[in-house]
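The data blocks that follow each hold one structure.
One chain, chain A, links the two complexes that follow: it is found with chain B in the first and with chain C in the second.
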Partner chain A sequence: MNIRKWIGGALAAATMVAGATAARAEGGTLVMLVQPEPPSLASYLSTSGPIGLMAPKIYEGLLDYDSDLQAVPSLAKSYDVSDDGKTVTFNLQKGVKWHDGEPFTSEDVKFTVLELLSKIHPRGPNSFREVESIDIPDAHTAIFNLKNPAPYMLRALSGYESPIVPKHLLEGEDYRSADLVNNPVGTGPFKFVEWKKGQYIRLDKNEDYWKEGLPKLDRIVGRFIPDASTRTAAMENGEVHYGAYGAIPNIDAVRLREMDSIGVTTDGYGMINPMSLIEFDTTEPPFDDARVRKAVSLAIDRQFLIDNIWFGYGKPATSALSSNFGATGLHDAKAANYPADQNVEAAKKLLKEAGAEDISITLDLIPYGEDWRRAGEYMKQALGDIGIKVDLRYEDVPTWLKRIYADYDFDMNVNYFYQLPDPVLGVHRHYGTDQIRQGTHFVNSSRYSNPKLDALLVKGAQEPDAKKRAAIYSDVQKILGADKPVANLFEMNFLTVFDSSLKDHDTSALGAYGSFDQAYFDK
Partner chain B sequence: MSFWRLFKRNRSAVLGLVILLLIVFMAATAHLFFPEDPFRLVGKSMSPPGENGFLLGSDSLGRDVASGIAHGAKTSLLIGLMATFVAVGFGTIMGGLAGYYGGRIDDLLMRVTEMFQTIPSFIFAILLVAIMKPSIESIVIAIAVVSWPAVARLVRGEFLSLKTREFVQACHTLGMSDIRIIMGEILPNCLSPIIVIGSLMVATAILIESGLAFLGLGDPNIMSWGFQIGAGRTLLRSAWWVCTFPGIAILITVLAINLVGEGLNDALNPRLRERT
Partner chain C sequence: MSRTARRLRYVFKRLLQALPIVLAIVIVNFFLLHMAEGDAVDVLAGEAGSATPEYMAELRAKFGLDQPLPVQLLVYLKNVFSFDLGYSFRHEMPVLDLVLDRFWPTLLLMVSTILLAVGFGIVLGLLAATGLNTWRDTLISIFALVTYATPLFWVGLMFIVIFALNLGWFPTSGMKNVAAFNDTWSWANIKDVAHHLVLPTITLSLFYLALYTRLMRASMLEQAGMDYVTTARAKGLTENRIMFVHVLRNALLPVVTMAGVQVGALIGGSVIVESVFAWPGLGMLAFEALFSRDLNLLLGIFLLSALLVVAVNLVVDIIYSSLDPRIEVG
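And now, the complex of A and B:
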């Protein structure tokens, strides 16, 4: 009996839907996995992952980023930054139309940034914190007036992070319940057509797209398949062509990798920079002592975690910043005071100095799946070796979030954060004193507070000169390496698994969160 | 020794008993044969059975599957016995009181019992463990809470029929107290069905515990068979041994307990004594 065939057959029967399995003619239909089903398609309200997979095909940002993370034109043809860094002028594309036929103008940009992104977007208030006002001298120019230079802002203007939405459909509406939330109208290469709850979202080619000759695909279907092994089976027999952000588990990806018809890549996550880490409660013993935190960091064999749990996908952390920041010169390899190898003797010595031998602690685990449990089981053993007795705690998501970010009722917590394309956007929230925000998720739960570091973070955010900025972040990394309020474990590599006949789906640094305007099937 | 004579007439029950004793032996000597913590990473990960010194292979982190099974036996049996003990104890008290006193007390207690019986037991157990934090105590409590109503109904039935018998009436006439009648007269006479249902309940409890651990609701600090299967499930296509052997262990244990339970039923239940 061939179980796989059987599952495949059942799937095929279940997918006689909207031509989802259509033959790959010129153009063709791309079926991508969207996991889980998104709560809405309002990417201006939420940064939830599944929204990020679909919405950037519909909405565009002012800029896009190529695979080297360099800005390329999108809705803005070009931009100028004044010498003092306080005025940024965007020259917008002409002749761009919303999917409903209305023209796109600088009014839309002003409205989106001032009314939506800097107010109700989860990360926007941080990205656009320095924006004082926006002048629109004509329909195709938007001038951002800043209180202080904000070089990081120019890295947060993609269609995923800062989508530009139509003013004429939102003005005067309740932004959170407007029709646009589930019925998006953008300027992007694909138009929203249909959302069958529990099954799929269908987007069709925007015939009037402003980029000549694009998009190449006729249609994108985002399918929701809750069970991981069914997703793998669907990928294996060609029902779906694309799955990113762990939609296909690593264990299956390493098996599918061997098939000619399937490709696996870790590209396309450069703007996301996921980093796994341990947060410590630095206000109470034993982790109020930096030596104990360092001992923990030394006791863990990062490569073991990567090899045995994430199947070789990942890179041990070398400092508080991801090595992907090397491209902008911010990652300082010399400040890399993270252990390359596990060093049990050194860890024991540190614990002895701190007088923290024979301690018992509870390790909380991010409840996002089996991998994290395995990691916890490994750490329990590794910390046992240096004399720290560990109890593991694995709870449901709301209880865990409340425990770590509202009640602060924990000793150490395994987690992962997106460091995003700039430290101001993704790293500062971990360490700044102003980021001790009780009740807000994924900020400074360690409650680490260091005035010297705070001053450096402010300087780093405002310094326009790349060299000076690198020097500031080098100091930041030295301080954080010595204090380790958070011990980074490894730079995670999410996997994108795709049909190998699908080309140019990875032209944007945003990968799966990109617009897919150039993607096509080569067959 | 008539009980043993009756019991051994059922060959499969004897076989079950032998297997069960072997499993108990395995659990009791786990720390002798596998002195290391079963969570300890002792070698190359995902080694097939027989390689790199692993009798039954190793899992994704390099933990010994055989050691896990030996130590897991202790967990499974312990949870099975403790949960059954609590469930039988509580169920007997509830059923006994309802059956002996009848009337309003009976109504009240039986409505409560029915309320518990209407909730699907496994779902209820999941809910209870999820509310309390997953630990060995919360799992025992959850299994006991979903298991006691069956005992209560059985005991109530037995009490209802026994309390009208002449020897009980005689006790009443002699002026014996209720508690003495219940404990000294009625309860010993309905012990055999309680023992039988209890023995079968151990098997169910082991299954529920495995199911909970499989779903990730086990105590993360304690090795159990369900945990091993849950952790090995994703590896099924690349390392079949990680969840196959603990699965077989559960199968054999539950089968053995059921055979023994069946044998006890035959030996203790006079009405079925002549069954072949």
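And now, the complex of A and C:
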């Protein structure tokens, strides 16, 4: 045996041994891709994606949601809504302890909701806007007193969206720079152990977890790998077991899904509902004219985008609301008023009516990956077909955010929004007059303002009756379909790529943003 | 004055000269970075999903971003002179801790790369020059040309495909097996890190290896035509002695110069290699800091790189005088 072969053999053996101890023999370390490295682990301050992957394993919410999007108990054993919809009583679990050994009580719930979520959380002020006060008659009861009924609030109580955090570690601290920001202490199935910057975050099993016999995994490690091709190679090599939210690009996922050892799913995004879209500057010509906006919407072949750039993952938008809202009756298929197919003739006709022939504009692209550039290149061609000359602009994230949401210095912007589990949480922010908030990201940058729609949005938020609520949102869809301040493109399907021996990672509607308390390796 | 005393005086003089240079670097970097649109608060709020303008203003005040630029610069300089590199508001950690934590992986990668590149470069250059215009020379020259012309990220990815995926000899990425949790100084950990170091080091060295090979070859050929070589030959020295004692020593000078200059560039080159192999070094940290507009952190990294380049250049100048006694420091 020559030397080179011998070295190769020894190294191969070493790798196999290392691989074996990593995943199999211990049976319990899940390595998941977290990309990019999160800025902190303070999920009460930020809904940043990578935080959402790690923090819900540590912090829990009052409720969780099963794969049919139905509420199931979490820190709240049960809840009760009064007949007028204005009082919601949560009965909390007993015997729950924080990871530092202190008991979890209703004080923590009151503090978290009133001091943190409804004040400094990015979406909390909206989710909890009707909460006037919280009564805590005893350590295991929290009564939310509401100004108006808020049916959507009960869909925003997951550990990802509204984590309950320990009062005794935050009270009197600066919430942004408290030790808890980087050293989270929760009630969840996994405890924070270590954050090696640039490499990984390590969570270990919470031996005192209040759910009997859970979690099944010994450990979860979140690994940071900046390069997409390397992430794919690491997944293929079995060095990582799980990657969600596009960590593995679609182009690689369609190849990996042919392998027996790897599974690919689009489940686990039902509470997120990502929708890709074009925002228009509705205050300036040419897009102050609804006909021009509609022409753009007509010129784009949505199925082409899905098939050729996203490898078939996605569904053309049918209205301003995601068809996933069909589960709660809010998506009205009859009010669906988006073009099913590209219609160049109709688009040209609209442009002619509007007197907007031979215009040239700049199209900004969301700087979240190469797919959007490809989409931009397609749109440049498609809009060229109806006589709109397009220049593409692709900048880095801070420059782009400032341009679109602070300076309003754009014509047309390709973006995607999370519509979240209820329109009040994810859709209203895009259209309400009160959501024209210069300097705030991901709100009404089109600056569309329609008093009739505003009134409907207020009614939709407060209507407890499901049928009446559906009727209101049917009208909302009709108005938005006619005016198109935003042209929705398609309902995005994010992909989760996983080691096929990993089971029950998808028991929660939150998918990758779930707690993973039941996940296990089946070897 | 003795040689040692003269050297010490020289080192001291050079360090004094370095001060205004480093200061100028800090100031230029500061203004250059502030020319970029958007700031750390925009990024934090953008990632968070949303934030009210009041909250963003509050953050800007806390980070000191609401002050006029010259004031921000003075505050920064004052901090630097008291050896305080400031605070990274993104990571909620002092910059110095972050940078030092990530400095060691970069240093490890840099040192192993330089040793490999310079070492093999010299040997290959020597082999090519001594076998001028033979198949050996041609082969080495072609190898150098190909590696020089191939983009680093592509080489890195191909190595991953071949040596990690197909052959399974090495892990794809990272600095250690994240699921193993060995103690830092345990034998298992050292082996593990060395195992992870192989592919990034070879990738990063290939480019520089080509450079040093060509430089060494040219330098050897140039020296071989010098008068002193004729003199040595006339004295009756053996060809081997002329080559390895006289020519080699002189031919090394340009290679050492180049290696010194390129330490700075290596940090830049390592951004690509660190990203491809997820190596947790300064290059990756700088890259992320740029896109999150974490300017304190970025300035800290630049300052450290500047200091490193100044120090390495000083060391190179001292090595010169050892290689060639005619060059005097002072």
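Here is the rule we use: the second predicted complex is superposed on the first by the 498 of 523 C-alpha atoms of A that agree within 3 Å, B and C clash if a C-alpha of one lies under 4 Å from a C-alpha of the other, contacts with A are read in each partner's own complex, and residues count from 1 in each chain.
One rule holds in what follows: contacts are C-beta pairs under 8 Å (C-beta built on N, C-alpha and C of every residue); 3 or more make two chains touch, one makes a residue touch a chain.
Values in this document were obtained by computation on a predicted structure and should not be read as measured data.
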Which superposed partner A:Y200 touches (first chain B, second chain C, both, neither): second
First (chain B), second (chain C), both or neither touched by A:V221: second
Partner chain in contact with A:I479 - chain B first, chain C second, else both or neither: neither
In the superposition, chain B vs chain C on chain A residues touched: C
First (chain B), second (chain C), both or neither touched by A:E377: first
Contacts of A:I436 with chain B and chain C, given as first, second, both or neither: neither
Partner chain(s) touched by A:L69 [first = chain B, second = chain C, both, neither]: neither
Which of chain B and chain C A:L392 touches, first, second, both or neither: first
Chain C-contacting residues of chain A that also contact chain B: 395-396
For the chain A and chain C complex, residues of the former touching the latter: 8, 11-12, 14-16, 18, 21-23, 26, 29, 31, 36-37, 39-40, 45-49, 120, 122-123, 125, 176-177, 181-182, 196-200, 202, 219, 221, 223-227, 229-230, 233-234, 236-237, 239, 395-403, 406, 418, 429, 437-443
In the complex with chain A, residue positions of chain B that touch it: 37, 39-41, 45, 60-62, 130, 133-134, 216, 220-221, 230-231, 234-235, 237-238
Touching residues (chain side chain C, partner chain A) in the complex: 36-39, 42-53, 55-56, 59, 62, 90-93, 98, 101-102, 105, 153, 157, 160-161, 164-165, 167-181, 191-192, 195, 275-278, 280-281, 284-285, 287-288, 291-293
Interface residues, chain A side, partner chain B - complex: 228, 249, 251, 255, 308-309, 365, 370, 373-374, 376-378, 380-381, 384, 391-396
